[in-house]
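What follows is a pair of complexes built around chain A, which joins chain B in one and chain C in the other.
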Partner chain A sequence: MSQRQLALLLIAPGLALVAALFLYPLSFSLISAFTGPQGGVSLDSFRKAWELYSRDMLFTVVIVLASCLFTGLAAIIIAGTLTLGENRWIVGTLKALYRWPLFIPFIVAAQCMRTFLAKNGLMNNSFVAMGLMEPLQAVSFLDWRGIIATFVWKQTPFVALLLAGALAAIDRATLEAGRNLGASRLRVLVELALPQVMPQLLVALVLSFVTMLSVLSVPMMVAGSQPTMLTVDMAFRINAYGDYATANALGVITYLLSAGAAIIYLKRGMAGKEVAP
Partner chain B sequence: MRLLTIATSLAALIAASPLAAQTLNVASAGDQNMVDYVKDYLAPMFEKAHPGVKVVAVGTGPGDSGSQKIYEKLNAQKGASATDFDVVVIHQKAAGQMVKEGLLDKYTGNVDTAKLATGDAAKNALGTDVSGYVIPMFQSQTALAYNADMVKTPPATFAELADWAKKNPKQFGYNGIKGGMSGVAFVAGWVYAFGGDADKLMKGPYDAATKANWDKAFADLKAFNANATITPGNAGTLDMLNRGEIAIGPVWVDMFYSWKADGKLPPNMKLKLVSPGMPGQPMYYSIPEKSAQKKLAEAFIALATSPQVQADGIVKKFNWYPGIDAKNLEGKLDKADWDKLFTDVTPAELASNGKPFPIAPYFNDILEGYEKKVAN
Partner chain C sequence: MRLATSLRTALAASLLAAFAFVLIGPLANLALWSVAERWYTPYKLPVTYGTRYWEQVFRPTGDAMASLGTSVWIAVLTVVVALALSIPAGYALARLKLPARALFMVLFLLPQAFPSVAIYINVARVFYQLGINGTVFAVVLVHAAHGLVYSVWIAAAAFGAVDKELELAARNIGASPLKTFFSVTLPLAAPGIIASGIFVFLESLDEFTGTFFVGVPQVMTLPLLLYNAAMGGNYQVASITALILLVPSVLFMLFIERFLRADVLAKVGA
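== the complex of A and B ==
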């Protein structure tokens, strides 16, 4: 047996698994999304999806993009402090703390946020107890703000982890040169360090985008159902009506959204190859 | 050598035990309380009366979606020799569909207690004739829960409620239609109140043109929603009532009383069944057509629908209205336990304002109309 045949044999089980568990259901859902009630190719399900859920589509995109933006900002602050911070105590504490949310599943995070962000929840009650706020001023964050807060809290460590690694790997000499010439630490971070790690940051954000697009528990548990994210609508289509066609149409729309992110990811990957020695 | 003896006898024991034991698989749609009811209350009682039988209870989740999962499993096992479930506890919408598709066994002739359930719910599930296939496990009802400290005179009709919500923005909360059945019940009640011919929606016949008359009702509901809080789920509504974040919200009567009994709701919470009415629905005991343990399943349901169990388990322990006719519970229940169910909602109110859900095709039209005209 040649080397090539052996290699094919070795990857065959993996390929078969991908085909059976991913490609088969994917094509199945694609076909179902484009099939009309009487059979034959039709866009009926997409028309229905648009008619019923156009507002939710916009909501989903806005929520996920906003979450990505805040996640990116928070990750830059954390990773920047870790790399350029000079106070050992702050850096040490941050290092010990920031990865924790990585180990908490979305559903648990959502449940915690439900009691934390409520009008009379832990957060507002703490502010009131500290005398920072009057009880009557308390507002509930259990709506779109709650979803964004949960997503950002949950995804920041992942992005920060990748970013801190990338920042640690860049040549310290340039950063130190900047410091020696009198640039502030913020300026060194924004003008010298960040441009060098932009590809890694973008990749981490693209991966977060796709993850957040697929979460069902957070919008379901943290916020009410109007408007809501597409995952909740898909679940509802199947559970309340047994209507797989429209659910699959919503699925295809989600594929398209994540395909947009995947294109950025792949382009970055290619660009990375070209500059590599 | 001794090791070998132990190993062989262990192996023999393991091989022999499945022959001696019989397993009865009970699948319940509905919230955790439904699974707990079978697991902690019915199963030990049944196992004691039938030595060697083990009852396994599984839950498939709250709302119609839980029943949909049971339906999908039975449908997928249509060609198999036996289904995984022996007893199923399902909602009305799925029961009608399963009877139509021949997934259920016509078993009630073999169970004596079936004669004790003569109400409409035992025969008709959202417009489908289900007599012979189901016995109601319990009947539950939605009503508005309100905080008596914040609301001195609760609204008595849907129109008064709409006025009240306008004057007290964000103080009325419900879970829309995707977070559980109490929100769905509220929306159905709204369409009964403002959509025209409510009787036709409950009794049929179905006429696809009817939904055109609901446009105004949905537009008003959209305006109403602007002043309402959308809560995350049935339990979410109770949570927010408990924390004083909303003052009124639709809830299931049984959940309300159970939460109150557990101290999870303050004592100043009361119920009001507004006119023209809000829907309630039973859960049904059924046996799948392909169940491998039909005799055992029938015995289990006979026990579960016996007057004593209905009195102790359904009414006393779980605050549901009984599934069999209430007159059969006489003498089995203290007056105090019975009256507890009727403190806020009187029997007369229940009779006049306790409505069924609309028949299945109208039901779907209402949900879809809501998604199209109110939520989107």
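== the complex of A and C ==
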């Protein structure tokens, strides 16, 4: 047996599992989405999905983009402080704190936020206790704001970790030179450091984008009601009506939303960049 | 000048305090709920504290212990399946001549690069037709496919980081290729492979969406129990279940650097 045949033999079982549990269902969802009630190619499912859920499509896009934006900003602030911060006490505390949500499951994050952001949750109660707010002003954040807060809370450590790693690897001399020429740390971060680590930031955000688009527990537990995210709509179409055509049309829309993101991701992944697990 | 510096430090410190509140607050709220026997408005803190719900959850006949057992059993099986598939695949990808190697790497990556809900609903439909929906076997398959990208990529990186000279030395003193693999290559790649196993274990323990479509109602894992308790308004049981799920995740975060050496990490995806 040649080395090539042996290699193919060794990866075949793994590939078979990916084919059976990913490629086949993916093809089926594509076919089902484009098949009409009487068979044949049709866009009926997409028409129905648009009529019923166009608002949720917009809602999903806005939520995921806003979450990515805030996650990116928070990660830049954290990673920037870790790299360029001069107060050792502040840098040390931040370093010890920021990674905590890294491996916390989404469903646990959702449960945390469900109680924390509620009208009488710990957040509002603390504000009232500190005298920052009157009890009557307390509002529940368990809607789109809650979903964004949960996503940002959960994803920021991941993006910040990759970004801090990338920032630590760049040439310190240019940053020191910038500082010596009198540039503020903010300016050094924005004009010298960030442009050099944009690829890594982009990869981390793209990964977060696809992840957020796939999460079912957070929108179900944090915001439940209408409007909601497409993942919840898909689960509802299946569990309430067994309506695979519409659910798969919604699925194809989520593929399309992530397709652009995935292409960038694959390009970066194949370019051999560091991808932390 | 000194005043400006101390002002800036004070500002930074208060920003840090706000950050700590946002970061720790939700977790503190979770911990509070787990020991709150009665907590209702307008009280800002629990009215009575106690471990009544912990006893309820940890009672041998309690749902949580049964779900924990199911979750751990599924996670162990998932690790076995994922490693059995990814050790040979990772070795082939790292060490052997393979046509279209990059394509195969991407194929293993795909399940992570697409939103998964639409995939899972169709997997559930197929499993239903095969009569295996609602079995531990079905849930393990779904979890293993999900974890395969980590285990294959990390295994490939771990094998890639093994010094080829050592393998050659073993061959030179007469070891067979198989003997070389089991006595040199595999032991040297073991830390990375163990790390990928831990990662797959945690992914399986935490997985909600796939189990939600493929496992319910027969297979009840901890995340599903947490979901049911939360939606049923039982915040104590939901919070205690969430805390149980938190423990391995936080431990892993604290220890990942010891398991996954920097030279292996740098090779992931390479």
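For this structure, a couple of remarks:
FYI, the second predicted complex is superposed on the first by the 264 of 277 C-alpha atoms of A that agree within 3 Å, B and C clash if a C-alpha of one lies under 4 Å from a C-alpha of the other, contacts with A are read in each partner's own complex, and residues count from 1 in each chain.
Here, a residue touches a chain if its C-beta (ideal position, glycine included) is under 8 Å from a C-beta of that chain, and two chains touch if they have at least 3 such contacts.
Keep in mind that what you see is a predicted model, and the values were worked out from it rather than measured.
Touch criterion met: A:Ser54 reaches chain B, while chain C stays clear of it. When the two complexes are overlaid on their common chain A, residue A:Leu161 makes contact with neither chain B nor chain C. When the two complexes are overlaid on their common chain A, residue A:Ser29 makes contact with chain C while staying clear of chain B. When the shared chain is aligned, chain C comes close enough to touch A:Val252, but chain B does not. Once the two complexes are laid over each other on the shared chain, residue contacts for A:Tyr241 go to chain B alone; chain C is not touched.
Once the two structures are superposed, chain B and chain C can be ranked by residues of chain A touched, with C on top. Using the contact criterion defined above for the overlaid structures, shared-chain residue A:Val18 touches chain C, although it does not reach chain B. When the two complexes are overlaid on their common chain A, residue A:Ala66 makes contact with neither chain B nor chain C. Contacts of A:Asn120 after superposition: both chain B and chain C are touched.
Contacts of A:Phe106 after superposition: chain C is touched, whereas chain B is not reached.
Chain A residues 114, 120-121, 220-221, 235, 238 lie at the interface with chain B in one structure and with chain C in the other. Chain A makes touch with chain C in their complex at residues 3-4, 6-8, 10-11, 13-15, 17-18, 20-26, 28-29, 32, 87, 90, 93-94, 97-116, 120-123, 125-126, 128-129, 135, 153, 210, 213-217, 220-221, 230-231, 234-235, 238, 244, 247-248, 250-252, 254-255, 257-258, 262, 265-266, 269-270, 272-277.
On chain C, the positions that touch chain A within their shared complex are 9, 12-13, 16, 19-30, 32-33, 41-42, 44-45, 84-86, 88-89, 91-93, 96-99, 102, 104-126, 141-142, 144-145, 148, 150, 152-154, 196, 199, 202, 205-206, 208-209, 212-213, 223, 226-227, 230-231, 235, 238-239, 242, 245-246, 249-250, 252-253, 260, 265-266, 268-270.
Listed in rising order, the residues of chain B touching chain A in the complex are 63-65, 68, 71-72, 175-179, 225, 229-233, 236, 239-240, 243-245, 364, 367-368, 371-372, 374-376.
In the complex of the two chains, the chain A residues touching chain B come out as 51-56, 114, 118-121, 140, 142, 220-228, 232-233, 235-236, 238-242.
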